[in-house]
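Each of the next two complexes has subunit A plus one other chain: subunit B in the first, subunit C in the second.
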Partner chain A sequence: MNEQKIKSIMSTILKISEDEIHAESSPDNIKTWDSLQHMNLILGLEQSFGITFDDEEIIQLLSYEIILAIINEKVQ
Partner chain B sequence: MKKCSNIAIKNMHIRLLKKNDDLNQIFELCKQNMMIGENYATTYDIWDFQYNKNPLNKSWNSVVEHEEQILGHIGLYPLPLRGPQKFFLAGSISNGVLSESIRNKLLPFKDKKTFSIIPLIDNCASSAFGDGIDIVFVHSTIHPMIWKALKYKNIDVTCKTTYHTGLKGLYQKYHNLLCKKRVIFNGVLGIIFSAILTLTRVLPMTVTRCSHFLTKNSNRDISICKFDVFDNNFKCFFDQFNDANKTLVTYDRNIEYLNWKFSQTQFKKFKININNTLVGYLVLQKNNETNDFDVIDYIILNKHLNETQFIFNQLSLTEGMSISFTHFLSCEYSESIYNELNKQGITLSLNPAHMFSKKQKITKAPIYFKINNMTNSPIMLDERSWFISPIFFTPSYFLRP
Partner chain C sequence: MNIINNPISDLESYIDEFQSAELPLLNITILRNITVEPIKPYIEYLTLCMGFRANLVFGDYDNILQDILTSKLLQKNSDCTMVFLKLETLSPALIYRFTELSPKEIQSEIELIHNFIDTALKGIRAKTNSLVCWHGFELPISPAFGMLDFGNESMQYAVIEGLNRFLKKQLSTHSSCYYIDLNNIRSTLGIFNFYDNRYWHMAKSPFTLAALKNIAIDNFKLIRASKGKNKKCLILDCDNTLWGGIVGEDGLDGIKLGPDYPGSAFYEFQQEILSLHHRGIIIAICSKNNEEDVWSVIDQHPHMLLKREHISAYQINWDDKAQNIQKIALELNIGLDSFVFIDDSEFEINLINNRLPSVETIQLNKRHSLDYKAALATCGFFDSLSYTKEDKLRNKQYHEENDRKNSRESFDGNIESYLKSLDMVAHLEFANSSSISRIAQLTQKTNQFNLTTKRYSESDIKAFTDSKECIVLTVKLEDRFGNLGIVGCAIVDLVDDEAHFDTFLLSCRAIGRGLEMVLLHSCIEVLKSLKVNSYNANFIPTQKNKQVEDFYSNFGFKLISNEAGIRNYIAAENSEFAQKPNYFKTIIFNS
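Here is the complex of A and B:
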């Protein structure tokens, strides 16, 4: 459930198809994942899941795998 | 400029600007990355004024470098602040620019890796904090989450704009508004509708102006005079203003900084005397795009705040000025000025039925600050006590074409 929602948000903000998103997806392999889109992604995730990330997490959320892990922890 | 599309992290690093660095690389970077237009890019004159010729002759600058090529810059210039019973030296962040080619590159930051803009800002602020700067202040369009990630506090500021003009200025404003927004109103139609809209504003303008003239104290003698330099006569006025506003956190209006900040010729400075005593001042800047004047700074002693309407009336009627005042509402003092001017100011609406409407566009100002944790005496600031005016913002803002 969370996986699908995260992929959908990432796909919209980073302008890539959901099929291109996998565990290792990160700014290293997604060209559109720059600092601006990263911050938009954080905001999008916060609003969609009704959660907030602290300053450490904002910096840490740099791959799909990490995003999923942190969100799963927060929405439990 | 060399194009860098694939940059390895190992060859990229952040460092402080050196004396022998080629500034042209930064100016070129600004030109290529300025979102609001090349004309607004930093030039050598702006750089020199802001970073070298400020009253401290000091600034803090950090760059992202890759193989001797500068691909990012951020700067801090001194900003004097006065808080409750205390003077602070702040650094104001300006000229943040990053080449598109490195915006998704990650660099080390606190045992992790993150986007280069974050360690770049941190490097510059840390350098200023290391030199004893008390606060880093920023008014920025950089994404708010970046400031959150860097532990900056948001100052809760709302912006509202009031316009002050005579009939001629009002007509011109409507004419510009109609011709810009509705091409059909070009020519005769534009003239007719501008005149109709202007007339719908005459009644409310006249009512508010008459009521103010009728209620004013006839014993006082107000004069509004142009001046060029802040001289020693201002010292007593600044002391009185500071004594009456001890809880405010605001720009420390001292002669040295004001004469630096407003040394350029495009400013019009007015001092306000009541019964031959200096009680306030107003600095305006001509806005070339609209031919209006923008308020850059306005303060008046609290006991004369109710004269604000009269002052702006005088300037719009006798000097024929159209004045636009962006109020940064964050404290009681700024709200008092706004409330006074909102009674007299006009609202521009293309609907004649809105003649008495005072509906205004409200926006949040992206203003943040971070306190130096390394200072010996911890600084406590009440966020509701910030009194902010455009005087806070980057001097380069004043030097735009």
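Here is the complex of A and C:
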């Protein structure tokens, strides 16, 4: 459930197709994932899930795998 | 459906659907010394809601003056320039080190900021005629000197208030420049919902998405007005809207209305309606009721603030409200998209949303009547860019129009003798500083009698007026029932020996009186006196101006081409023009 929602948000904000997103997807292999889009992604995820990331989490959330893990932790 | 409150990813998907739709562009430039990029989906979404597609360009971070003065960022015909100038970046000394500063140092910081504002504003106005939405400085939440600071005229809080006062004053001296109050948005949301300290520190992006959404909404109240998309008329339900309860059942004495609780909710709501009335908004009633019951409340209830004289049109019967609203639109002669309909019934609101989607609706929750006033006051549908003499007079004029109508009925079809009986006086005048804002307003609001429907800002009109290659002629109308003020204008470009009619329009209140003939004849007289003997004009069709598609040919212009509905006409000084109307009492030309 969270997987699908995260992929859909990443796909609309980073303007990529959902199929392109896999565990290791990160700013290193997704061109549109720059620091500005990272901010939009974080804000968008927070808004959609109704959560707030801690200050340090924001800079750690640099792959799909980590995003999923931290969100799973927060939305339990 | 309005999805502005949905997450931005929903907005982004919605926006993507319109990627290849053919929509006119709305060009917006953002000048800033902070990061505000996350506002983008809100701006793009609100632009789509207006029927445009946003072309949004961000100036470089903290590069405002360079962007204004040395780059090509600001285009002459851009639609809107937004300025985000945050004091933390502009003057860190005033924000972070205020307690260390001497009065002299404070003064010199203030002067630097004044200079910055002046230079930026003059620069913007020299480059573009666009609407300018300038976001004022945020006041400190915990000012430098603590509690003492709030009451001291020379401390931080007062200094920043002073900067905002200066900014407002400068904005008001330039045309089409408006102040957006971030402090008001901040106090609506509360600081924890307004600021995101994480991204302020990490990326100089101070605002939350909720803040940016509200900022975008406020900007669009002005942008909508600049594009003529603001509303002109409020249509009100009666039972459980204007008063509590149902007059047919509870009776005149049983309904809730008055200065004390619980009637105070409705009393306060009516006060809000009256203040819209005094701003020039037309008030109409659409109620399912026995007509005499409603009039008994309006005429006899001791606390009824809304009186007959405030109501310009009404439909009080048991027919369906969609039909009734259409009748009101016909009677007032304004388009359905100029209306806001307000009702407590979900059924009626849904009916109007489905049947008349161009009418805006506000549904009141009758279990929370104490919030009625806020629902109306915050809707933003009626915001305008100016408050003119004509606005002040408008509702009086609709009453005069009713008198005219009654008088017309006694003339049984002989329209000329009726028009003659009105004792009409037309005053023609070239545009001047006192008419510029009204002319801009007319170009923004006139839909029906508008040959080209070009929307112009005050600075555009000022530029036309200052130009030697352009004539801007206005016409005022007065008759024995009252003064309608400036109701028409023509903008004519002069190129070599030829004239081109760029704009020709007449307010809907002045249609059907032959005034358009007077205005066009006067334009041609002016052109002849300038030895301009060849006249070009065109008609650009919209959904609303069909009634004037033959105006130029009826007047005696020759149709030379018709491309996709755009008709091009020519005429010359010796063309045979339609006769000048002879039923005006006087036609005065103040040159």
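To be clear about the criterion, the second predicted complex is superposed on the first by the 76 of 76 C-alpha atoms of A that agree within 3 Å, B and C clash if a C-alpha of one lies under 4 Å from a C-alpha of the other, contacts with A are read in each partner's own complex, and residues count from 1 in each chain.
Operating definition for what follows: a residue touches a chain if its C-beta (ideal position, glycine included) is under 8 Å from a C-beta of that chain, and two chains touch if they have at least 3 such contacts.
Keep in mind that what you see is a predicted model, and the values were worked out from it rather than measured.
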Which of subunit B and subunit C A:58 touches, first, second, both or neither: both
Partner chain in contact with A:44 - subunit B first, subunit C second, else both or neither: second
Subunit B versus subunit C as contact partner of A:67, first or second or both or neither: neither
First (subunit B), second (subunit C), both or neither touched by A:31: first
Subunit B versus subunit C as contact partner of A:14, first or second or both or neither: neither
First, second, both or neither for A:6, with subunit B first and subunit C second: neither
On subunit A, the residue positions that both subunit B and subunit C contact, one per complex: 35-36, 39-40, 43, 55, 58-59
Touching residues (chain side subunit A, partner subunit B) in the complex: 27-28, 30-36, 38-40, 42-43, 55, 58-60, 62
Subunit A partner contacts - residues on subunit B that touch it in the complex: 98, 103-106, 109-110, 112-118, 143-146, 148-151
Residue ranges of subunit A in contact with subunit C within the complex: 8-9, 12-13, 35-36, 39-40, 43-44, 47-48, 53, 55, 58-59
Residue ranges of subunit C touching subunit A (in the complex, touch as defined): 7-9, 12-13, 16, 35, 37-38, 196, 198-199, 202-203, 205, 208-209
